[in-house]
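In the two complexes below, subunit A is the common chain; its partner is subunit B in one and subunit C in the other.
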Partner chain A sequence: MTIEFNTETFRGDFTYHNSAEAIARFPFPFPEDKYMYSVNIEPHVSFRPGSVYEHPFDVDEHYVSEVADRALVLNEDPLRSQSLPHMNLAGWDLLELLMTNLSESYPQWFELHQDGDRWHWINRPLGIDDTFTFLDNTTLPYGPMEYIMRQTQGDYALLDQRDDNLWMDAGVITTQADWSLDFDIGMNFMEWHGPVPLAHELGVFERALKFLLNLRQGQPVRRLNWTMTVHPRLDTSPENYAKWGVDRATVTPENAGEYMYLRVELQSLWRLPRSNAIVFPIRCYLISLQDLVTIPKWGRRLHRVLRDLPDELADYKGLTMTRPSVLQYLSQFDDGAQTSAGTFPD
Partner chain B sequence: MTKSADRTPKIDVRVTQIVDVTSEIKRFRFEPTDGKPLPVFAGGAHVVVEMEDGDTLRRNPYSLMSSPGATDAYNISVRRDPGGRGGSMFMHDRVTVGSLLRLSHPVNLFPIDRRARKHLLFAGGIGITPTLAMMSELARYGDAFELNYAVRSENDGAYLDQLRNTYGKRVSIYRDDQGEQIPLTTLLAAQPLGTHLYVCGPGGMMNWVLSTAEGLGWPAQNLHSERFLAPPSGSPYEVRLAASDLSIKVGPHQSMLEAIEAAGVDAPYLCRGGACGQCETRVISFDGTLLHNDHYLTDDEHAGGQKVMPCVSRFEGRELVLDR
Partner chain C sequence: MLVEGIKSRPIYSPLVARTGTLHLFMADGEGAQAILDLATTASPGFFERAHICYIPRAAAGRGFESALQALNPAAFYVGPTVAAALPRLAVELANAHMGTQIYLAGTEGMIGQAMVVALAAGVDQASIQREHRGSEARRVQCVHCKGITEDVTTQPAKCAHCGLMLLVRDHYSRRIGAFQGVCVDAEMPGTAPDPEEAFR
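Our next item is the complex of A and B:
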């Protein structure tokens, strides 16, 4: 597969854009015309060549620009990357997981040569050619987690497992849907999910935690999550709320197709071999509504999902102010026709 | 080659070395048949070894004792257990150099706690195997640790010289036949704050170490013991699939879901771990006991007998009829 990496921005003039191929492979998250929380976890196995599910870690046309945006965020706010002292080994686990998988999935871009603990890493799109000693922090310009995260799309949280719980003890979080690593660091699974409405009553988190505590090496799982964002802004963090919260007030039925983006997170969960920690990649995909409605099934379905979404969920996802304009825009593309099952285009 | 009854990823290996460690313990070296590196593991991890014993598929968990960084081969040690379910006897009497076996990926239910300022290890008998890998790892990272190892006698003790030579004063060996006993209370009282304790050995020893530590006020979070998760297995049974008009047999190491799939019936599933609820199946009738192993159904639903999660749950009794 050959890809031209886009030159684009996720702030300021927002030149982010999806090619026709990127639109067709967008991970549309709704298999039916309504949405409610569920433990929608499935084995993270490869399927549908060309889709975001083909490789364990998807690299797409936005790779180079996303990594550049991450560097901007980290330079402005170093607390977006944190690792408690006992998580250093998990950071090396993560570096190994990504380097081995990326070099296997995309040999044209990434190469890893291992001679015992002496590792040689080549990242062609970013022009990186480094040699270092595995498990020796002094041979890298950053800690192992931050080093590889500065070459990776998506946020990654490292969860320590102890006392029958998971603890958010490390991560690099710069493309988040309004949550803060600096706030959540050190919290356990039930604590950091505290603010989510309705799902607790359904027992979703108890079941999900029990399942994750039994997550096996070599058997990663995945799920999709979603929200909406005004403009293709990756860094919608609480820390920067003042910069993006006001954008919601600018959305009208006339500009919603251009301003509003469906934001889908492809989340996966992996047991790490050395540290026994779990790594939780949260990979963000953005698509404008005007691009999304070019797939008729998606336009119809998103209209119905948003129209019938419970108010608590709309509020939690930050959609209360923009929903009327979005619905008015999307209603033009919903002729009431029946939609087919599943998430892929017809 | 053994045909696995489940869909979890497996590793095909060849036995390349068998060493008599003591009169009762043998060490087996496994190398991957495809020549690719084995998955990395950490001290405390085990693999489930699948053995094709006639029509029976045996699955026994064994701790990995080799150096965690080594991905060319795994080593396990097996103690002959004539009173067991038969897996160790099969390993001792039937497995030879060149035998082909199948392994699960490593699973670690006995991990090192990275918050510890010091690691205090206790082992008894064959329980030494996970601690061998743990010490190899702790030594590599330069962490503080010590091992207290109880054996019946010098001859019955596995890896005594290797331990003495490699770790010197960090290892203390106690031989029953010499009247030597771990000075447990003294040892536990002398540990620095932030020490974590790990114990693997016979049940009586584990209870003694853990209860003594608890009695001395050690926090529960600092106490770690090896517990093997038994593979989800049990007695074979039959299930009637009413909607498909089929009767199927569920093998001892097969899940109900796997048996349904093996019969060619398309059943929904996602997590295959009893959590997501996707494979929930209505029970039409049953005469016996439903063995619910899932996390999804409520206690009331388990008691009600109207639903079952076939990915992890089992049945014992005369007849089970499912709406599938």
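Our next item is the complex of A and C:
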């Protein structure tokens, strides 16, 4: 695979952009013309070469610039990277999982050489060539989780398993859809999902938790989640909400195609071997509405999903103010034709 | 009573005298009454192994100090503020042995702060008894500046530190011992509604 890594920004002048290839492989999240919560979990197996599902951890044209944006966030606010003391081993588990998978999926960019505990890691796109001792924190410039996260797209949370529950006890969270690691760290599965409307009553979280407690090593699972963001801003954190919330008031039917982005999270869940923790990657993909409607099926379907979305959900996803403009824009691309089942373009 | 259905908020229930080698009580305001109620069913000699730390706050002058002292606990301390009393709790926990029971009663803010100290000492949160009594005022952390505003009774509420008008969410962090406050008028600055009493 030959990819040119984009030079682009996710703040300020927002030069983020998707190539034609990136648009075609965008993980559109709606298999039908309506949306409601469900436990939409499936095995995280490889399929459709070239899609975001081909490799266990997708690396795309935004890799280098996303990692640079993460460094900016961590510099401004170190609380976005936290690990409770008992999660250090899980951090090493995660480092191993990523290094082994990335070097297998993308040998042209990543190399891992293991000589007992002496590991040699090469990351060519970022110009990193490090040798360290596995399980020895003093041989890395950061803790193991933060070290590998500074070379990874997407947010990662580490979940400890005890008392028949999952506890969010570590994470590096810089590209989040409006939730705070600093506030939620130490919470259990029900607690950190507390603010989500409707889903508790549907029993979604009880079923999901029961499923995840039995997650097995080597059998990762995935699901998609989504929201919308004004501009291609990765860091839509509650910490900075007072700075980015005002963007919502600038959206009009005329600029919605350019300003509004569908934000899709490819979430996967992996059992880790030594710590028995679960790692929860939340990988964010952004696409402007004007790029999205170049796939006619997606334009039609997104219009219908947003039009019929329950108000509580629209409010929780922060869409209340922008939805009228978005609907007016998208309605031009919905001729009422039937759409095919499934998420992929026709 | 407190608003129900907040998944992240602790569940409060009446204190029950448990078997233990040491009983550590921390209470503020009307939380004293929770200890006095427990005393009516506790076995004889229970308070000979009890330490009581009490902060009168709004209940000062209602005779709770003398009523608690009359239980003849092994140690009795009246603190001027919650903040002043917390280091004492930390030291007691650092010296505690197996079989120590922890009882917290009073305002949600005090209970939350004492929980933070207890969790830092390695106590399992499920083993700590908590009974809410008195004011429903909330302890709120501003998610933007991270400052804590105590005894919040209105919605929205002004952050005592950065001055933003905050929506007080029904989302509670045990680790911080506070509810989350999020800017209420970020989309259109200056349009925050006037504060109204929401937590009495």
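Rule of thumb we're sticking to: the second predicted complex is superposed on the first by the 346 of 346 C-alpha atoms of A that agree within 3 Å, B and C clash if a C-alpha of one lies under 4 Å from a C-alpha of the other, contacts with A are read in each partner's own complex, and residues count from 1 in each chain.
Definition applied: a residue touches a chain if its C-beta (ideal position, glycine included) is under 8 Å from a C-beta of that chain, and two chains touch if they have at least 3 such contacts.
Quantities reported herein were computed from a predicted structural model and do not represent experimental measurements.
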Just checking: does A:E42 make contact with subunit B only, subunit C only, both, or neither of them? Give me first, second, both or neither. first
If we overlay the two complexes on their shared chain A, which of subunit B and subunit C does A:S275 touch? Say first, second, both or neither. first
Touch test for A:D163: subunit B only (first), subunit C only (second), both, or neither? both
Would you check which partner chain A:L202 touches, where first means subunit B only, second means subunit C only, and both and neither mean what they say? neither
Have a look at where A:F211 lands relative to subunit B and subunit C in the superposition and call it first, second, both or neither. first
Thinking of the overlay built on chain A, is A:I128 touched by subunit B (first), by subunit C (second), by both, or by neither? neither
Which partner does A:D182 contact after superposing on A: first (subunit B), second (subunit C), both, neither? second
First, second, both or neither for A:R248, with subunit B first and subunit C second: second
Can you list the residues of subunit A that meet both subunit B and subunit C? 163
Which residues, counting only subunit A, touch subunit B once they are in their complex? 38-43, 86-87, 89, 96, 135, 160-163, 206-208, 210-211, 214, 216-219, 221, 273-276
Residues of subunit C touching subunit A in the complex: 6-9, 119, 126, 141, 143-144, 146, 164, 169-176, 180, 182-183, 186-189
Using the touch rule from the top, collect the residues of subunit B that touch subunit A in their complex. 8-9, 39-42, 45, 68, 105-108, 111-115, 141, 221, 270-277, 295-296
Contact residues on subunit A for subunit C in the complex? 79, 163, 180, 182-187, 190-195, 200, 238-246, 248-249, 321
